[in-house]
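Each of the next two complexes has chain A plus one other chain: chain B in the first, chain C in the second.
Coming up: the complex of A and B.
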């Protein structure tokens, strides 16, 4: 029995090409991991437990599409029908084919085109009729399942709103070719199998047999020829799909598997582009989930959302402008079903592309220092909102905390704005300078009023002391009874600053603190879903009007339930929202300070603050 | 009711328009929400550039209006309706006024300096606005710091709330530069030992005798004009202030310790009337001030025939310009009332 026909060639060659291509890419990505990550990979691959955990995740994310289900059931069903349906079709098809061929080593095409080869056979396995019937039934069922998903996929392009999406991704040519062939695969299979079953009058399942009989009856052409053409067509679309897959968004299917393994082996995004970045970039399915939630839409920016930026990175033509056109707010990262760190990728590209004149900060140096219990670093941004600083000082005086205001007279930047611009080398000078200042103060806690500083202190400074944002610090003071508060009976809404919320996962402390003295409202979009105020230092490509549009959008959402005060814990958010003049905007520190009974403030004015004036070598000119 | 008009707002513009119209024989009703007429100008001491007392201008206008026009004071207009070519203005106490035409002369608001928080207004003791300083002069209050010391250094800060994208106001308020020059001279006259500094982006001495006053300020009074925008202010323990700017002529960051900071606040649209004007569907520019029908040949007209706008309700103006504008408006109203509508 020769189970071969010329039409299997497009499929077989396409598959061979695909396997070689994926093999080559995976090899490249694994070998270009950072040295540490390579070690993690080699030890992970030898650890059966990690492999099992990864496989479980592959099952849930790549086949079941659990995250998609959570987003929108229709979307989940659609993805699952393709992934799980096709997977089962292949696996069960393989098992089925073994019964017929009686061997374990079939050519890869054999199970795929099984119905072409075994149509006329009536094999009775182990004398049990049920087995072939079972397979015929189940294979038809799976095909139907996939076809129902296909219908949904088609609808999604037309009626994306049903899937909870306003916008769909704009695709490239390869995406269109791959999409068209992918969509054709299963109808072609249906037709090929049906015509064959119809021609022979047997071999089909509950769907293909009646459909085949009907088609044979209705199509006035030689059925065997039509069926044969359909098998060619089926093989061709499969072949074309496999060849275009590595150049289209569908590359995400194999790549996501590798990504899941990487992650379970403890590999994380790095500061520089590596094999891990490549893997993330190729794992983007261009599902477009990150489109609607991006606030740049409000500013009329539609070319720089995560999906487009990642596409550009993958195609190696990302421009400096696109890399800098983003709030780096991290909202897209929160919703991405693949968990792609688009913010880190954005910063990597900024580092690579950063150009132009660079300021040199190596001049900063310091001499005199004193010590205290708490070092307070207000941050440059808080110098533009002096009432935050004043409130913090007032509170610490009431609480009897001995503190050192590190940047009282001169603000040395924490370095994050430079990092957001991709200028890490220049930021390094500032980091070193501040580190020395902070270490020399020999305090137990570093408290900052600025989430931007907070995040960079935590992530980049490697300090040997506790680091707190004032939300956490004030909460501790209140809990330990060091600051008495009286209720202010005001309806307050809290805005999560990007760097404190999504950036540092501090969500509860500010809420608990506010709850102690005010009526805290719940907002529509909060915590990891909170909107960016629009003032982000990470955005370099939006003008004031575009920023205002984003700010007003965020305010619309925050003011839905009519708060009397908008509270935040970031001087930049405060300024950005304050500009719009739509609601009083206050920092947590200000609100806490206002809630301290008057008497307590006056009685505490035997200040315990330690005046501190670091002498900078670059003395600004004074007159 | 024959050939009648309602003038809303008894500032310079409203009083001028009302006076002129009554001289032309129109039956005028003037509504001013404050007890005292004169609008913002009633808070000013002496006017730039000649330093003539503001009171003189206002008394002239009061003579033109008092006892000649029907005046309602102490109550704002809260609603204006236009129906079958009649205007109805409702006052807060329920009084309803009717007229065949209506002039909106509701003026402007001062920029709320606390919105520019980095300058410390409302937070530090010795940061005041130009309007407050004008009040000190008017009440013959000496120029002192909060705790009564004679300041030895005073800094004037230009463009507070104007020409500043960060607060959303791109426009120039026109009169603060010359107000700053005038007030700097007045401070120097009152306190000859005091050093007076002015921080500006550029000085807009656009009108007659303005440049001359600026020249005099430098030559005769030794006022120091420094080109640089204030970035922030901070307060020392002794309540003196550190002003931080960049000198944009020399390119160096600069710090200076001063005893008193005067913020030259600009004009913003009057917020109290926003809803009322919104209902009339009047058009505003990007700056939020009312937009006339035709900036050249109909700059007192609106989309509603018989409804006129005049003075600072259209954006920053000097008193001289407000007067000229209001006179032109009066003529427009007059010819409207006498036309075959």
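Coming up: the complex of A and C.
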């Protein structure tokens, strides 16, 4: 028998195109990895354990959609029905087709259009076995499973709230075409199989056979012709879907598999646009999970959320404005089911688009620095909140720590604000200068009061000494008994600064410290889900009214359980929240200093402090 | 030149017909909040770079408004971008974006 009919052509050509296109893209992404990553990749694909781990992740994330299930069961069910349902339909369809073809090598279209080809008289021979009946049952069940997911997908466009989503992504034309054809594939298959089963009076499963009989009964046209048309339609929608897939959001299906392998081989985002970045960009499924959690919604900004930014990157149409319109708080990264590093993509684009002008920092002069056991770098922002510096100095005096306040009078920026503007090259001078100052002090620990500085010290400076944010430093002092604390019995809520929390994963130290002298409340959105205060230095395109809207939104969430004090560990957060005047905002250092019994402060004062430049008065005091 | 014990100052006349206002217009278009500036100088008072050099963002802005971009050209590259000026600004001007804009404008014009 000849298992060929003209209608298989659209499907076959579409599939061929898709395979060639994916092959070309995968090749492009792998070859444009950085040299180090290429080595990681080649050693990774030779390691069976890593391959197995990756395949396990592919199964759980791409087919089961575990992260979607955790987010919302309906959403998880919908995604799983499409992914796992279709996957099983293909696999079992292939196995089923082996019983009929009798060869090991089938044409790729044969299993897909099996029901069209098997209504041959020869097949009746197989009907006596239970195996084909089992397959007919299971294939119908899978089709029903996918159709139930399709119903949910349709519902989601109308009632996204049921799926835990307030907003859904605005799609492009290619997305709409791909979506429409994808949605048509399974109803077309159902109709084609049903009409065929109805026409022959056999060969259908528990769903297609009765439906086929019914359709044959009510449709007044020649059933074989209708069935044939349906097979043509089924093949056409499959073909169109395959051809539009690489240009639509559905490209995430093949790309995410590669991304999971990359990630498990230890490949990380780079500072420039590499094959890994392009893989991440194409892995975005535009599911829209990052839309609702974005605080820019509060400010009425709806065109620069991670999903839209990544779409623009993919279309090679990112404006400078869009790249700079983001708090870079990292909340979208935390919820992304694919694990796309949208913040580092954002910074990559800022680097590409920033003006090429060189900076001139020749004015920063190296002055001789005395040595100390602790170098204290308060950071630019702390100079606007002098009480933090005062408290830190007071605490270190009480604890008897010999310290050097590096940026007491003339503060040199750590460089991160420049990096957030995409000016890494320009920041280099400042980084080198600060590094020299810190090294000259020959201290054991570098303590900073500013999470922005802390993060850049950790990530970019490569310093040979311990780097601590003052939350960690103070906790160590308290633990070692160097600073006595008396409980203040106040209800305190802690706000995680973005760069300390999500940026540097310091969540527990500040909480443990606060727990030692106060009643710490738990907030609705905390730790990796914490809100940004709205003052972010990463944001360039919001005016102060928009920032205030975001700040008030964050305060609304933080003040839900009525705390007496809002504690934070970032001078920028303190300044931003403080100006709203809705609750007293205090830094950890201030709270610790206030909790030290009065007698200890008096006995310690004046004993240790040696100012950096004795001849100049402290800038902090004068502001 | 012969030293008479005094020197002639640079001519500070602002000729609104001849001066180049392209940067000023570009800045206002890019960051409209700059319109709110009252010239209080808080930005300059708190400036980290200002502690080392003559860098004066208030003056740069005033001169740009008058169409004199020479000082901007000389000094703007010294900004460290720390953002203190923006936090301290009583009018809530988005100053870091203004400085990015000046950079961009000088590059283009």
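In the analysis below, the second predicted complex is superposed on the first by the 595 of 623 C-alpha atoms of A that agree within 3 Å, B and C clash if a C-alpha of one lies under 4 Å from a C-alpha of the other, contacts with A are read in each partner's own complex, and residues count from 1 in each chain.
In this section, a contact is a pair of C-beta atoms (placed from the backbone, for glycine too) under 8 Å apart; a residue touches a chain by one contact, two chains touch by 3 or more.
All values derive from a computational prediction rather than experimental measurement.
Novice: Clash or fit: chain B against chain C, after overlaying the two structures on chain A?
Specialist: In the arrangement built by aligning on chain A, the partners chain C and chain B clash.
Novice: Would you check which partner chain A:33 touches, where first means chain B only, second means chain C only, and both and neither mean what they say?
Specialist: Neither partner.
Novice: Considering only the touch criterion stated at the top, classify A:575 as touching first (chain B), second (chain C), both, or neither.
Specialist: Both partners, chain B and chain C.
Novice: After superposing on the shared chain, does chain C or chain B touch more chain A residues?
Specialist: Result: the larger residue contact count on chain A belongs to C.
Novice: For A:390, using the defined touch cut-off, is the partner it touches chain B, chain C, both, or neither? Pick first, second, both or neither.
Specialist: The first partner, chain B, only.
Novice: Look at A:430 in the shared chain and tell me whether it touches chain B only, chain C only, both, or neither; answer first, second, both or neither.
Specialist: Touch status of A:430: second partner only.
Novice: So, does A:544 touch the first partner chain B, the second partner chain C, both, or neither?
Specialist: It touches chain B and chain C both.
Novice: Which one of 5-13, 41-49, 77-85 or 95-103 is the stretch of chain C that crashes into chain B?
Specialist: 41-49
Novice: In the superposed view, which residues of chain A touch chain B and also chain C?
Specialist: In the superposed arrangement, which is not itself an observed complex, chain A uses residues 383-384, 409, 544, 575, 623 for both chain B and chain C.
Novice: Looking at the complex, which residues from chain A come into contact with chain C?
Specialist: Contact set of chain A toward chain C: 324, 354-361, 363-365, 380-381, 383-384, 409-413, 417-418, 421, 423, 430, 535, 537, 540-545, 547, 572, 575-576, 619, 623.
Novice: Which residues of chain A touch chain B once you look at their complex with the stated criterion?
Specialist: Chain A residues touching chain B: 383-387, 390, 409, 544, 548, 574-575, 578-581, 611, 620-623.
Novice: How about chain B: which of its residues touch chain A in the complex?
Specialist: On the chain B side, the touching residues are 115, 117-118, 120, 123-124, 165-168, 232-235, 237, 242, 244, 252-257.
Novice: Help me check something: in the complex, which residues belonging to chain C touch chain A?
Specialist: Those residues of chain C that touch chain A are 32-33, 46, 48-49, 51-53, 77-84, 87-88, 92-94, 96-97, 100, 103-104, 106-107.
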